[in-house]
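Consider the two complexes below, in which chain A is the common component and chain B and chain C are the respective partners.
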Partner chain A sequence: MSSEQDQLKQTNTEERFEFKKEERSAVRSDKGLTEEVVRLISDDKDEPDWMLDRRLRALEHWQEMPMPTDWPGQPDLTELNVEEIVPYIRPDVDKRSGADSWEDLPDEIQDTFEKLGIPDAEREALSGVGAQYESEVVYQNMQERWEEKGVVFMNMDKAVQEHPDLVKEHFMTSCVPPSDNKFAALHGAVWSGGSFVYVPEDVTVNMPVQAYFRMNSEGMGQFEHTLIIAEPGSEVHYIEGCSAPKYGTHNLHSGGVEVFVGEDAHVQYSTVQNWSKNTFNLNTKRAIVEKGGRMEWISGSMGSKATMLYPCSILKGREASANNITIAFAGEGQNIDTGAKVYHNAPNTKSTIESKSISKDGGRTNYRGLVHISEGAENSSTSVECDALMFDNESTSDTMPYMEIDESKVDVAHEATVGKIGDEDVFYLQSRGLDDDDAKQMIVSGFIEPITEELPIEYAVELNRLIELEMEGSLG
Partner chain B sequence: MTAAQVHETISEETVRQISDELDEPDWLLETRLDALAALDDLEMPDVIRTPGRDWTNLHALDFEEFVDPLNAAEDKDQIGPDEVEVLPFAEAVAEREDLLREQFGSVIDPEENYLVALSTALFSTGTVVYVPENVDAEDVTIRTTQNSRSLFNYTLVVTEQSSSVTILERQDTGESVDGERYYSGVVEIAAGENSHVQYGSLQDLDEETYNYALKRGDAADYATVNWVDGNLGSRLTKSSVETNLDGEGSETKTVGAFFGHDDQHFDIAARVWHNTAHTTADLVTRGVLDDEARSVYEGVQDVGREAWDTNSYQRENTLMLSDESEADASPKLIINNHDTEASHSATVGQIDEEDMFYMTSRALGDETARNMLVEGFFVPVLEEIEVEELRDDLAARVRERLQ
Partner chain C sequence: MATLQLNNLHAEVVEADEKILDGVDLTVESGEIHALMGPNGSGKSTTAKVIAGHPAYEVTEGEVLLELDDEEWGEELPEEKLTWNLLDLEPNERAALGVFLGFQYPAEIEGVTMVNFLRQALNAKLEEREELFEDEADAAEDEDDDAGYETSPMEGPADEGEVDVAEFQQILSEKMELLDIDEEFAQRYLNAGFSGGEKKQNEVLQAAILEPSIAVLDEIDSGLDIDRLQDVSDGINALRDEQGTGILQITHYQRILDYVEPDHVHVMLDGQIAKSGGPELAEKLEDEGYDWVRDEAYEAA
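Let's look at the complex of A and B:
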C-alpha cells in the first residue's frame, strides 16, 4: 500500500480533517450579501466590468427569488442566515491565483493540505492539482506534458483575466444561469476561486486532475466556480474533495459547476464531500452534452449538516449519455437530500442513475431526482435504481423520483428498495468472529460496493474510510 | 395562493336549501356552512411541481362556468343484499342520524382542501352503506348517472367487526348538457376490526366533464381495505385513493387502471400511511395513453415511526401508444421505521416490438395485434379484481376504446 493510502487510513479524524488554523486573511468582506460586498470582491480581483455586471445581475436575482421551502421533505433551511455569513476571505499569501510550489505557501496552509494528503496524491496519481483555501486558490499546478498539449487547468479567477472569450461565452450563461435557483443566484454574485479546465480536441488526459476545497474560518461561505470545457473527442476526469473543521455557527458552501461535453467527448466528475456538520452545502452542478458525448457524475456525500445536490445532465445531441452514481450517508443531525437530473432532449440518448443511501442515528437521506424525456427524443432509455439502508428507528429514508415522459418510443424504468440492516447478516458475520461494529461496517461496504468499484482506487479507499469513520461516529 | 372564488350564487342560501331538501339536522347544516365559509382560505389539492412545470393545472378550472348545485339531477341505483343497509343519503339522515353524526367527516376532513370543502357544502346526493357485525355481503352496487351541469356525490361505508362487503360504485353521464360539467365524489370508508372491504369504482363520465375524486379508508386492527379504481371517462380527473393503516395487522391493496385518449388528463394518486405495527400495502397501477392524453401518477408509501414490521410495495406501469401523449410519474417512499421492507418500481414504454413482431408473424394484422397486447397489458390488474361485474365491465370498456 502506498504512503498515500497509509495517510488515508489515518484514524485520528482530528488530525485528518478537523484541525483548525488561525485565520490570517489579507482581505475579509463584511457579513451578508450586499452590493458593497459584491463590489469589494470584484474590485479585489481586479475584474473586468462585464464580470462585475454579471455579479450584480445575479445579486438582483438573489434578492428577488424566494428561498426554496415548498419541496416535500426538503432540508430545513430556516437556520441558514445568509446575512450572518462572511462570503469572502482572501488568505494572506504572497502569490495571487495559486503558487506552483507547496513550499511557497505559509506554513499553516501547507500543513493543512499535507494533512489532507494532497501533495502525496499529486505525486502519485494526478495530472494536476488545485487547492483552494477559504475564497482563493492558493496552489495550482499541472504536469508540463499536458500544458504542451494545450490543456488548461487554472484557477477560475485567473481564467477571467487570461481566457476572457471562453469565460464570457460559457460562464453562467447557457448552462447554469443565475436565475436557475436561489443559490445559483447567490453563487453568481459572490463566486470566488474554483477551477477552469479546457481540454483541446481529441486530447485524452489519462490521469485525473483534482481540486481540493478547504474552509478554515468560522461562519464563512465558500463559493467556488468550476468550468470545464471538453472539446470534441477529448476526455478528462476531474475530482474534487472538500472539508472543513467544525464550528458552532453555520458555514455555507454553494458551489457552481458547469461542464460542456463536446461531441464524442467524455467527462467524469467525481466528488467526495466531507464538509463539517455545521455546513449547509447547496450546490448547482450541470453538464450540457453534445452528440455522442458522455457525462459521468460520481458523488459521495458524507459530510455537511444539510446537502441539496442534484447533478444535472442535459443530453442535447443524439446518442449523448449520462451516468450518475451517488452515495449518501447521513448520521446524527444530518439531512442529505441528493439525487440527479437528466433531460433527454435528443433521440437515442441514454441515462443511468444509481443511488445508495445510508441513514443512521437519526440521520435523514432523501433521493430526489428528475428524468425528463422530451417529445422527439425517441429511442431514449433511462434506468434509475435507488437502494436505501436504515440502521435504526430514529433515522429516515425518503425516495422521491419524478419522471416526465413526453415521448412514446422510450424505455423508462425506475426501481427503489428500502430495508434495514439485516439481523441475520450481522449474526452470520458475528458467528465468523467479527464484532457488531465490524459486521455492520462490512455490510455497508458490500452495500455500496457496486458504486465504489467505479471509482479510482484512491477514492474508493478514501470513501470507504470516511464511511468507517462515520459508522464509528467519529466524524465531527 | 388560494383558489378562485366560486360563483356568487353559491351562497349560504344555496347551502341551506340543499340541506333543507335532505331534511338535515342542524349539525350537518353547520358543517356545510363552515365548509362554505372556509373556501376563501383553503388551497386546491396539492399537485406535483417540478422546475418550471405544474403537472396538473387546477387553477385553470372555471368553477363559475360549471358549478350549478341547485339544478343537480341524476339517476341513481343503490342496491344491496338484505342483511346490509344501503341507504340513499336522505334516508340515512332520517333513519341513521346517529351513525352519520359519528362517522361523517371522521375519515376525510370536510375542509381538507378547497375541492373537498366545496363538495361538503354542496353535495346533494349520496349513499350510506352499513354492514353489521359478522355479516358477509356481496354485490352492493351504486350507480350514479349525472344529468346536470354539476353533481356533488358523497359515499360513506361503515363495516362492523368481522364483517365483509364488496361494493361497486359507477359514475357516468346521461343527458348531455351544453359546455363543460363538473363531478365531485368524496368516499369515506371506516373499516372496523377484522372487517374486509373491497370498494371498486368505475369512472366513465363524458369527456366534457371535470372530475374530482377523493376516496379514503381507515383500517382498524386486522381490517383490510382493498380498492379498485378504474378511470376511463372525463376530460380531466384529479383522483386520489388513500388508506390509513391505523390498526395492527391491517392491510390494503390498491389496484388502479386508466386508459386515456384524445386530450384527456388523468392525475391519479395512490397513497398509504402505515401508522402502526405489522401492516401491509400493495399498490398496483397500470395505465395506457393514446392520442394526446396525459397521465400524472403519484404513489406514496409513508411508513411512520411506530410502524414496526411493515411490508409495502408499489408498482406502476404506463404504456404509451402515441408520440403525442405524455406520462409523468412520481412514486415516493417515505420511511421512518427501519423495520420495513419497502420497494417501488415504475416503467414507461411503448408496445414491445418483439411482441408485435411475434403477433404479426402469426398472421394478425397490426391493429389486432396492438389491441390484443393492450388488453393483455391490463390483465395483471384485472386479475386483482374480486368483483366479477367490475372486472368484466372494465375489460369491456378497454375493448370498446380500442375499437
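Let's look at the complex of A and C:
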C-alpha cells in the first residue's frame, strides 16, 4: 500500500469533518434573497455591470418560478426556508481571490484545511488546488509548469475580472441558463466563489486539479460556480470535495457547474459530497460535448439531509460520449435523489450510466435519470444500469429511469435491480469469523466494487473509507 | 483439540413456530469423522445450522458445548476458558473458537474476491479468538486502548491484520495446491458464478485455511461428479489427517463414505439420533433404507 493511500486513510477520521470554527467574517449579508442582498454581493466583489445584470435577471426567475414539489419520491423541501439562509459570508482574510500559500491564511482556516488533508494531497497527487471557505476562495495554487502551458485554474470571481470575454460568453448562457430550474435561478443570483478552469488546445493536464468547499457557519448558503473550458484535444480531471460541520438549523448548498468539452477533448469531473446531515444540497451540473469529446461524471453522495443532483451531458457533436458513475448512500433521515441526464443530439453518440445506491436505517435513495435520443441521432447507443441495496425494511429506494427515444436506429440497454442485504449472506460470512458489521460492510463493498474498480485509486480509497464511516454511524 | 457436545438439543424455526429438533445427543471429538444420515426433513441440516448459530432457529431446550483441550492453543488456558456454551455466542465467536460450517448452499457474494475475503476472515477469527481468551481485566484495559486508537488521526490502515497480504498469499497458495484448486480461483468473487462442484470445493478450501477443530459439513457431496467428489474427499481427509479436525459429515448417500471413511455413523429420525454405529451401519442403510431403523426405534419406545 502506497504512502498516499495511508495518508488518506489516516486523515479520514470523524474529526476530519466534524469540527467548527468561530465565524470571523469581513462581510456578512442579511438573511434571505432580496435585490439588496444581490447588489451587496456584486458590489463587494466590485463586479462589472453585466454580471450584476445577470444576477438581477436570475433573481427575477427565482421569484417567478415555483418550488419543485411534484416529483414522485423527491426530497421534502418544505423545511428549506431560503428566507432564513445567509447567502453571503466573506471570511476575514488579507488577500482577496485566494492566497497562494497556506501560511498566509488565518490559523483557523489553515487548520480547517489541514484537518481535511488538502495541503498533503496537494503535495502528493495534484496539479493544483483551490479551497473555498464560506463564500470565498481563500487559497488557490497551481504548479508553474501548467501555467507555462497556458492552463488557467483560478477563482471564479477573479476570472470575471481577468477573463471577461470567456466568462461573458460561457457563464450561465448556453449551458445552464438561470431559467433552467428554480435552484439554478437562485444560484445565478447569489453565486460566489468556485473555480474557473481553462485548458488550451492539445494540453493534457496529467494530474487532477482539486477544489474543496467548506461551509463553516450555521445557517448559511454556499453557491460556488465552476466553469471548465477544455479546448479541442485537451484533457483534464477536476475533483471537488465538500463538507460542513453539523448544526441544528439548515444549511443550503446550491452549486452550478458548466463544462465545455471541445472536439476530441476529455474532461473527468469527480465529486465526493460529504455535507453534514442538516444541509440541503441542490445542484445543477451540465456539460456540452462537441464532436468526439468525452465527458465523465463521477459522483459520490454520502452526506446531506437531502440531495438533488443529476449531472447532465449534452452530446452535441458526432461521436461524443458521456459516462456517468453515481454512488449514493442514505442513512437515517436522508433522502439522496441522484441520477444522470444525457441528451444524444448527434449521430454515433454514446452514453453509459451506472448507479449504485445503499440505504440504511430508514434512509431513502432514488435513481432519477433521463436519456433523450433526438431524431437523427442515428447509431447512438446508451446503457443504463442502476442497482439499489437496502439494509432493512425501513429503508427505501426507487428507480425512475426515463427514456425518450425519437430515433429508431439506436441501441438502448437498461438494467435495474433492487435488493435487501440477504440474511443468509450475512450469516455465511459470520460463520467464517466476521462480525455482523464487518459482514455487512463486506457485502456493501462488494456491491459497489464494479464501480470503484473504475475509479482513480485515491478517489476509491476515500469513498470506501467514507462509506465505512457512514456504516459505523460515526459521522454526525 | 476440542470436543463438541450436543445435549438434549431442542430447536424450532423462529417464524413458523415449527419444532424440528427433539432432543439431539451427539458428541464429536477432534480427529474423528462422524457421518450423520437420515431421510429428508429429519433435522440434519437444522442441527448443523443450530451449531453454527443461524438466527432463524431458536433453541428451546438443551445445550451445545465446546470443550477445548488447552494444549492445542499453545498456551495454558484458565479453567473457565476451557468450556464454552456455544448458544451464548455469536456465529463469528463460535467460528473463532474453531467451529466451522460447510454450507449445503454457500452464499454468492459479488464483488468480494476470494483472497480478500479469506484473509479478512482469518484475521477476524484470530482477533476474536484473542478477545475471547483474554481475561476480563486485560480486556478492560484493551478497550481503553481501542478508544484512543479509533479517534486518533494516526489510526493505521483498516485492512491490516495479524496475517498480512504477502503471508496470506503463501498460505492460500499452499492450501490450493494441496486441494488441487486452480490458482485463478483466488481472484474470483466469492462463489459468484461458481458451479455446484466449485462451491463445495471452496467450502473445503475455506475450512483448510481457517483450520477449525470441528467442521460440520452439510451435504458437501450433493451435486458433485465423481472426479470432484474425489477432490473434495481428499480435502476432507486432509483436514482430519493434517490438522486433526473433527468432522461431522451430513449426507444422504453412502457414496462419499467410500472416500471419507467415518469412525461413527448416526441416523437421525424425527429430530433425534435414532441409532449410532460404525461404518457398517451406513452400508446397511444403503441396502435397506431407513424403515428398519424407524421400526427399531418404535419398538424400543
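Keep in mind that, in the parts below, the second predicted complex is superposed on the first by the 463 of 476 C-alpha atoms of A that agree within 3 Å, B and C clash if a C-alpha of one lies under 4 Å from a C-alpha of the other, contacts with A are read in each partner's own complex, and residues count from 1 in each chain.
In this section, a contact is a pair of C-beta atoms (placed from the backbone, for glycine too) under 8 Å apart; a residue touches a chain by one contact, two chains touch by 3 or more.
A quick note: this is a predicted structure, and the numbers were derived from the prediction, not measured.
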| item | value |
| --- | --- |
| Superposition on chain A - do chain B and chain C clash or fit | fit |
| Partner chain in contact with A:Leu56 - chain B first, chain C second, else both or neither | neither |
| Partner chain(s) touched by A:Asp392 [first = chain B, second = chain C, both, neither] | first |
| Which of chain B and chain C A:Val27 touches, first, second, both or neither | neither |
| First, second, both or neither for A:Leu77, with chain B first and chain C second | neither |
| Chain B versus chain C as contact partner of A:Val412, first or second or both or neither | first |
| First (chain B), second (chain C), both or neither touched by A:Asp438 | second |
| Which of chain B and chain C A:Leu166 touches, first, second, both or neither | neither |
| Lowest C-alpha to C-alpha distance for chain C against chain B (Å) | 13 |
| Interfacial residue positions of chain B with respect to chain A in the complex | 48-51, 53, 305, 308, 318, 320-350 |
| Residues of chain C defined as touching chain A within the complex | 52-56, 90-92, 94-96, 100-101, 103, 106-107, 109-112, 117, 120-122, 124-125, 128, 150-158, 189-190, 206, 210 |
| Chain A - residues contacting chain B, complex | 70, 72-73, 181, 370, 372, 375, 378, 388, 390-393, 395-421 |
| Footprint of chain C on chain A - complex, ascending | 1, 5-6, 9-11, 13-16, 422-425, 427-436, 438-439, 442-443, 445-450, 465, 468 |
